[in-house]
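In the two complexes below, subunit A is the common chain; its partner is subunit B in one and subunit C in the other.
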Partner chain A sequence: MHIEPSFRRRYQKALADQVMIKAVKLGTGRLRGKRAQAIEEVGQERWANFRNRAEAIRLHVIQHLDQYLEQLIDNVLKKGGHVCLAKTGEEAVRYIEELAKKKNAKNIVKSKSMVSEEIHLNPALEKMGCKVIESDLGEWIIQLANETPSHIIVPAMHKNRFQVADLFNAVNTGPKIPAETADLCAFARQYLRQQFMNIDIGITGCNFAIADSGAVTICTNEGNARIVSALAPTMVTIMGMERILPSIEELAVMLSLLARSATGQKLTVYNTLSTGVRIGEELDGPQEFHLVIVDNGRSKLLGSKYEKVLNCIRCGSCLNACPVYRNIGGHAYGWVYPGPIGAVLSPLYQGMDKYGELAYASTLCGACHVACPVKIPLHDMLYALRNDKVELEKKGELVEDITFKGWSAAFATMSRYRFSIRMARRFQFPLVKAGKIAFGPPPISDWLKYRDMPALPDKFFHEVWPELNKDRKE
Partner chain B sequence: MAQGTLTGDRQAFFSAIRNNIKTPPGGKAKRVENPMEGLFTQRETTVEERQVLRDRFIQEWNTLGGQAFSVKDRQELVGKLGEIIRERKIKQAMRWDHPELEKLQLEDVFLQEQASLSKWPLDKDYQTWIDQAEAMEAGIIWGDIAMAESGTLVLPASTAQPTTVCILPITLIAIFTTAQLVDGFYSVMKLLKKRYGTSLPTTTTFITGPSRTSDIEMDLTIGVHGSKYVYACILDE
Partner chain C sequence: MTFGGVILKASLFVTCIADMMYAEVGESTVRVLRRLGVDLDFPEGQTCCGQPAYSCGYHKEAAHVAKKVIEVFEHSERIIMPSGSCASMVHHGYPELFRGDPVWEKKAHEFVHKTYEFSQFIVDVLGVTDVGATFNKKVTYHSSCHMSRLLGIEEQPKTLLKNVKGLDFVELPYAFDCCGFGGTFSMKLSDISGAIVEEKVDHIVETGAEVLVGCDLTCLMNIGGRLSRRGIPVKVMHLAQVLDQGV
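Presenting the complex of A and B:
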């Protein structure tokens, strides 16, 4: 899939795609409603306690990350699992490529892993001649469409069932599948089951690793990860190095928050806690287990003003809450992680030069912070990223620069302020219609394309105040 | 068991972490003691209270799209199982090798319905059992721990009780008594800790209803990968 380098072009393309916008609005609306209902059931006070507890757990873990990772690694090794410490995405990919070569793997079945998208694993394995199949329904849809996920939880949110039917019919050798959800899911079950039965290597993501028991937790509603981890003779779990918890007690808190924040469920249907390699006489579960722990830019966030972003549990709730995401969908963000979390992560992981503009993909309304189960101050981080961007470039855009300098000069004294208000009132006159400004010259024309601006009133508060104050005194 | 191997430069990996972690002015955040405290119901239940939990589990499981019911004794259970076998037109099923299931002599029920019930392990050869397991129309398991508040089965796996039985067949039938019921996560995690410490079983699966997806137009569809029909038969203590 070709990804347009400019954010402006990407969101313009998104705004023109009415099918996508409609689907995203419907999807995010439903998820928001379900989450709200789940919180209502829990009770606002208890929910607040859950969030505070989760924030405290994550804060502690991130500040002691070295300690917990050491413990996890030792426990996985003790249980016969193999561990790869990948400083970069390339190192992780190389390790898995070599493993696939060693196992002479033909069929690789994956359950959802955002980190694998981050490190571009699929194209690398396909280049080696492996058949790589995504088994999460949404991921499989976008794999067939050669697209990237547009939502963390519902990767194919932007597609409607007719588009899905076309994609499925392209790989279907039987009678045409109607564009009905039940038929499409039935086809996916049957097609993907065949892939599971021929699995050489299974690759999964990791929701939470448990340090004291050397286990990984994988959550899916469909059960695909459960099948992968039961049937794959060799299982690879890829985890971002921050996705770790001290013990299963903390896991209970996180699983309860994750499901409710993501989809409004009390719990995800299948939560699998796996220690990897089968033991004794066991017949299912992997014979070989590989845990790939990926840094890929995470360690540089530790101790920085962005450290708290490592608390993220990838629930997708901030996406559903964000007025910008709801209007442009996920692809406009350009990289793997969309929405407010993506707008923070992309510039931090991929560089300001490439993704710095995403800091402006926000109204700074703070809805993402309110929605976040681990209380990440995403809006503050977006604001900080804007500052960093300006600092980095040492200049804003020329027009912006002039505007703000003018603004600053005008607001410096009362007389200049009054004068500029009088001037603005005079010059706005040709643009005002029914108390609003709906069009104007560049650069505000772009802004006015999507919203109206109220015209300056005949009198400002400071102008009516002497009058009001006089009445009050009397 | 042979120790696994480590790939990558452990020292370099950790020095990048240690060099960056900072201690904030007030000191590093302390580990939360008793992280579940106050968030979940926590109590030892009596037989009577477990009947309330049973009703809660049934309500949750049914809301999720499964079918749960309570049965007084084996005879009633046999009747219900017969109904399920007929309703789902089950011809072959597999079950865990579990002493409680053994006691219930479920093979007789299947015979009566002209169906077969095989006990795990089906075969010692990987490819043979995997193919046989895939052909099964139902899996029967013993619900080791059941969480009433969310309608969740907690299934620690072992050689005789593998997860394949509860994930591959389209129909899952879980049988357990009210003695297996607990309120929620607090009791479950404490129980697992007491039983296993930090040496957890190879897999512990938490199943909360049938396999589901809303990946197409947010339209909820049941049974995309795992079990589509999930039954919970709860025997009174």
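Presenting the complex of A and C:
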């Protein structure tokens, strides 16, 4: 597989940014450690049971997605909400643009939503002249930096507190804020609270929509989604079409699994269930509620060998487990979702042509599928995507095509295999120095950039075997 | 040693990496198993398990080689591989490669059922946890990915190591983290691979161990290559070589 220069540039830039990598390693390390501790507390066996139940719930939902979608939509409508079922990201954006126009909205406050990143909602709304404010601390930091999230649950993981202080001080009119976490949080709290006061439209993401009640569940550690949903006269919730649970029963399993997998918490601090518009004598809640359900490539996976990827609950645990993610961060992956889940989702949602190479951005170590709370076989999917790339799309690389055809022909016959390794041994001498190879031509030059390689020895094992086997009685 | 009066027969699938680069690992594997009473043969015709092509997406090419391997070991009762990753290729890759094939699917499953990784065979099949070796060194152990996560072999090699006389075992921090090899990943995305192996080497240095032991030669070649490039005098050994010491 040919690695596109654009991807190469992205990850090389990331590798060179030691400040960023240090922040990512610190962040992923913390999350990984806390998750491990949480599992230890629960006990390995119970954790395994938890995962099995969660997997079964998600599989059931995905297999009956049409039914649950219908039920969800019915219940939202019954409770006075509006629903947009958007086939594409553009459709979803257009619906929200229309709404903003109708409401003559000036101030839009958002809580965290990866789907909104996926459909590029903010730039569209800003182009209309709306002021869009991200109220999740991490999202706000990257909004100030004019960047995209680098992690699914910790969008500003790649920044350290000094960088955050610089960003905050750029919008701060008061005395300079020191680069201390407590001071930075206090400033963010004070600044963001003001934004809530004159909110026209509130936009939230959705962790799980509950089919039998039409409620949307939003989990935050900052309480910002709760404020958005309580204060906004018009509330919009954006969700991926697969993020449904049948009832509140299943939510109990998923919430405790989500928090433990994501951050090692027993439960996220604020778990908000919102059933849309305020009814009768209720004191808060929006007057208008719109649920925007986004397909954007998801439905084509139903019934395919990649269907299980729709089980994903966006906990980010596979990112923290991935040695590649930990060493290049999220932006290098190129699309919204990074890490192993991104390496699988990006080509499936956005096309193999565009992101197929991400399937090769993995050592195939399998840490991702072990980390996944809903047991998505990410590891197997990376193999399958590579195979699709080569065999279905005929998008192998010419050199690699020839190499593996030749390899296959030679290694299927012992005599040819032995002949080829003998030839390699005979002609390696210009490269060998003191029993090892440190310099050489491509492609081994790539290996030799970081490591030495042992020279092929004087005797292969099959040449030693007759001597070893002398005394064996047949 | 015999097992209930029966001499266990087994075949060595030495793997191409051991055949080509590390004959001494193959030799130690043979000596250790024979000392334990295993009647070991080395079927002619064996080459490679097919993993390089399989993990690059070239399933047809991998299947072509895998069929040859299955034929070579057709009459073997048990197959022992001194490589966790190659054994997991057999266990996970072969059923996948031949899924739905009327002839080869069955053969692939038969092959899987009789194939063992080296330490797994000694501990789980032979029931041996002390092979009687002596090795007076401070040793740490890298738990390779496919062996631990796909085959579930975590404790067997460590049990064997801890029972070696004189051996001072020290746990490797983040032992389960990948070493960054990943087959052609180490060349295609060598800069990322280089960054990952650097972390592994740093952790090894932290332990103060004199020897790094593993059960996967490609991981060991990767880690050893980085140690060598940095001039760090930690010796890299396959488990079989350690179990072959001092007897």
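In this section, the second predicted complex is superposed on the first by the 424 of 474 C-alpha atoms of A that agree within 3 Å, B and C clash if a C-alpha of one lies under 4 Å from a C-alpha of the other, contacts with A are read in each partner's own complex, and residues count from 1 in each chain.
Note that in this section a residue touches a chain if its C-beta (ideal position, glycine included) is under 8 Å from a C-beta of that chain, and two chains touch if they have at least 3 such contacts.
Keep in mind the model is a prediction, meaning the values are calculated, not measured.
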Quick one: is A:Val164 in contact with subunit B, with subunit C, with both, or with neither? Answer first, second, both or neither.
first
Applying the touch criterion given at the start, work out whether A:Val390 contacts subunit B, subunit C, both or neither, answering first, second, both or neither.
second
Looking at the overlay, does A:Glu45 come into contact with subunit B only (first), subunit C only (second), both, or neither?
neither
First, second, both or neither for A:Leu456, with subunit B first and subunit C second:
second
So, does A:Ser408 touch the first partner subunit B, the second partner subunit C, both, or neither?
second
Given the superposition on chain A, which partner contacts more residues in subunit A: subunit B or subunit C?
B
Flag every residue of subunit A that touches subunit B in the complex, lowest number first.
23, 26-27, 30-31, 46, 49-50, 53, 56-57, 59-60, 63-66, 69-70, 73, 75-87, 91, 95, 135-138, 141, 154-157, 159-161, 164, 181-182, 184-185, 188-189, 192-193, 197, 210, 212-213, 215, 221-224, 226-227, 229-231, 233, 241, 246-253, 255-256, 263, 265-285, 289, 295, 299-304
For the complex, which residues does subunit C have touching subunit A?
14, 16, 18-23, 26-27, 30, 39-42, 44-48, 50, 52-62, 64-65, 67-68, 96, 145-146, 149-150, 176-178, 180-183, 185-199, 221-222, 224-226, 228-229
Quick check on the complex: what are the subunit B residues that touch subunit A?
1-10, 12-14, 16-18, 20-24, 28-32, 34-36, 38-40, 60, 64, 121, 124, 126, 129-131, 134, 149-152, 157-159, 162-164, 167-168, 185-186, 188-189, 192-193, 198-219, 221, 223-227
For subunit A, which residues are in contact with subunit C within the complex?
1, 3, 11-12, 15, 323-324, 327-328, 360-367, 369-370, 380, 383, 385-391, 396, 400, 404-405, 407-408, 411-414, 417, 421, 436, 438, 443-444, 446-447, 449-454, 456-457, 459-465, 468-469, 472
